[in-house]
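These are the structures, in structure tokens.
What follows is chain A paired twice: with chain B in the first complex and chain C in the second.
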Partner chain A sequence: MYKAVVIGGSAGSFQVITKILSSLPKNFPLPVLLSLHRLKHVRSGFVEALSIKSTIPILEPYDKENIKPGKGYLAPANYHMYIELNKRIALSTEEPVNHSRPSIDLTFETATQAYRDKLIGIILSGANRDGAYGLKKLKQAGGLAIVQDPNECQVKTMTEASLKLTTVDHIFTTDQIINFLLKLK
Partner chain B sequence: MNRYELGIVDTRNIIKTLHDVYDYDFKNYALTFFKRRVEKFIIKHNLKDADGFIGRIESDEAFFEVFLQEICVENTEMFRDPSLWRVLKEELFPTLIKDSGTFKIWFPEVSSGEELFSTAIILKDLNLLKHVQLIASSISQLDIENTQKGLFDPKKIEVNDANYKRIFSSGELSNFYTFEGDKSHWDTSLIDNTKFIKQNIIFDDYPKGIKLVLFRNQMIYYNQILQERYIKTIYNSLVPGGHFIIGNNEKIDYWNSDKDFTLVNKEESIYKKKLA
Partner chain C sequence: MTLSDQEVQFFVNTIKNTSGYDFSEYSEKSLKRRLQKILIDNNSDLLTLINKLKTNKEFLEKTVKDITVNTTELFRDPQIWQTLRYRILPKFSENRNINIWHAGCSTGQEVYSMMILLNELGLFEKAKIFASDLNTDALDAAKKGNYKYRFNIGYLDNFDKVIKENPFNYEEYNDIPYSKYFKIDKVTDSIQMNDFLRQKPIFRQHDLVKGGNLYFAKFDLILCRNVIIYFKYSLQNKVFKLFHEHLYTNGYLVLGMHETMLGEITSKFEKKGQAYRKK
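Moving on to the complex of A and B:
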């Protein structure tokens, strides 16, 4: 019944993301939208690093690219990644939000407009407050909000900011996140 | 966070007003982008809602110019994607000058000017600045005026300086700008020879005989209809074999079925117009 998973992460989230992506079944039924803070002047390397262990293909989408199930879409360096109502990616070089481009808030907010209550949002380890507002919008629209257990996070700021703003559905460890995703049909 | 959400009917009314009153047709901008941008504008200028926006803008032409400036997305920084600028500096510019001794570069939307000044700084370093005609168009008169004055956002200084060092092994970007109080200015002698053109969204006229068009990360704000119109115009402005550079994560493949352009550098999204 869910149509997409959107994941936000920053400092300390790389290993978590890698573990999640390496645990998904090859035929994972949903698209995975990844808005992760990264060095803006380093264009290559990140998607390759994520791809090494991922069971599903991970790509840095082109502007207006169609979103398909079973693929991971990583926000490219120095772009915001929006989700359009027609389930396409729209890239943007508009000003940073919360000092971030990509902005997790903007990906979560636009994904919420596109998928409404059919969206799962996951906030992982990170060093700023980005994502908290986006997760709130997602939850308000009836989506399912998950936050990584702050006790497990390398940096807690992002998950704690999200928990402060939103009563989430689940506070999960990485393994629990994986188990949850494995049950999706 | 202060938010205001514009309905789809309101958005269409706004587009209609701008078209009727000023003959600027935004209907082929990417709709969600345009809507978001107008929402921000309404909040920033305390216009309350779509009616407030329409009432103010249709009676105040100077305010419409402010809108045009704010709908234009700024270039993010100087030398965005340093590897592209290294290709321009080390390969493309030297080749173009060897071929013809002089050439023209066109920026179809100069917005905040960073692509223009980055180009000028590299040309100056190569001692080519006086041999190259730079042409900068914009839908925003205010952007043109600010660019002519060399104004830029001092918040970008740090990233600009860092990018410069990723391209030049010696020297400092600060040789090309001054920073006093809260204002930063480029050395405008860099653009002494630049021609500026105020344009509408649909080009009535466009420069011809162009060897290189730099148009990165602007078409992402257009829908396919307007993208095609720009690409067609750019195609016509270029000489055979001329180059066309777009943003890293942009594509023109859907338009390019006749192989009018060949992708000659995939990493940097450099296309070349076919020879005949």
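Moving on to the complex of A and C:
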């Protein structure tokens, strides 16, 4: 019944996201929208690094690209990634939000407007508060909110900020997140 | 505060009916965000804003400026500038003139990047530089050619990659001093472009939505980077047609890193990375 998965991550999330992407079946039924912070001067190489182990294709989308199931869409360096109502990607170079571009909040908020209660949102390890507001919006719209177990996070700030703002559906370890995603149809 | 789509539509209609500006083919998500930001910055609700737009022309002009996004950098995405340097600009070296249009130039950093590159290639004198934007404040900033230093320290890295280094030959290193093109003053936190660069471009206000060619010229090269991401698909196509019409055959259109042409118009260009050659 779900139509998309949106994942936000920052410091300490790279290995988690790699493990998740390497565990998905090749024919994963949903698109995976990735809004991940990267080091300021690392602008290229990230999508390649994620692709090495991922079972589904990971791409840095073009503006207006159609979102398709079974693919991972990584917000390009220095762009915000929005989801339009017609399920296309929209990119923006607007100012960073909470010092972040891509802004996890903005990807989550616009994905929520596009997919409403058919969206799964996952917040991973990170050293700031980005994503907390977006996850709240997602939950308010009836989506399913998952936060990585802060005890497992390399940096807990981001997951704790999310948990403070929203009563989430699940607090999961990486393995539990993977098991959950594997059950999706 | 979250605006509904109807409220955004109401704003777009008001602007359209009271001025020559038309945002109806702007990408919805970023338009909504900009409008929300304007309401917060003005500490206003939508109805109050709409009434003020109808009665205060200056305020309307300011709001139109605030709607547009003006983020740009010197040599943003160095690999594109390396492509321009080694693959595209040399093709024009035998031309008598090289006409270049920066459409949506914002505060001008890429206009200066282009002129620096042309100068290094010995093509500066024969180039004519046209630069346009909707936002006249951005154009004024572009004419001044003065940028914050600390906030933009990445400019220097980009400059080194494009001007000093050669990605095709790592042993090559051209120690071109920054002062050849701009003056850095750390105390006043400023990067000031040199006068010989500032005096060259022909800056004009131009609205891509309205189309037309304000320069009455044809171009060898059009740069329009991170502009069309704010447009809907329909308007993107209109703009591509406009560019096609005003490019010479074998002229190039260069888009932003994550912008692309879709649909029928693609048959009229040959795509080479982020550069599109007019067939």
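The rule is short, and it goes like this: the second predicted complex is superposed on the first by the 183 of 185 C-alpha atoms of A that agree within 3 Å, B and C clash if a C-alpha of one lies under 4 Å from a C-alpha of the other, contacts with A are read in each partner's own complex, and residues count from 1 in each chain.
Operating definition for what follows: a contact is a pair of C-beta atoms (placed from the backbone, for glycine too) under 8 Å apart; a residue touches a chain by one contact, two chains touch by 3 or more.
The shown structure was predicted, so the numbers you read here are calculated from the model rather than taken from an experiment.
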| item | value |
| --- | --- |
| Room on chain A for both chain B and chain C (clash or fit) | clash |
| Partner chain in contact with A:His99 - chain B first, chain C second, else both or neither | neither |
| Which of chain B and chain C A:Leu85 touches, first, second, both or neither | both |
| Partner chain(s) touched by A:Lys68 [first = chain B, second = chain C, both, neither] | neither |
| Partner chain(s) touched by A:Tyr133 [first = chain B, second = chain C, both, neither] | first |
| First, second, both or neither for A:Lys164, with chain B first and chain C second | neither |
| Shared chain A surface residues [contacts with chain B and with chain C] | 41, 60-64, 76, 79, 82, 84-85, 90-95, 110 |
| Complex contacts: residues of chain A adjacent to chain C | 41, 60-65, 76, 79, 82-85, 90-95, 106, 110 |
| Chain A partner contacts - residues on chain C that touch it in the complex | 27-30, 33-34, 69, 71, 154, 157, 226, 228-230, 233, 236, 256-260, 262 |
| List of chain A residues in touch with chain B within their complex | 40-41, 43, 60-64, 76, 78-79, 82, 84-85, 90-95, 101, 110, 133 |
| Footprint of chain A on chain B - complex, ascending | 1, 30, 32-33, 73-76, 80-83, 159, 162-163, 166, 217, 219-221, 224, 247-251 |
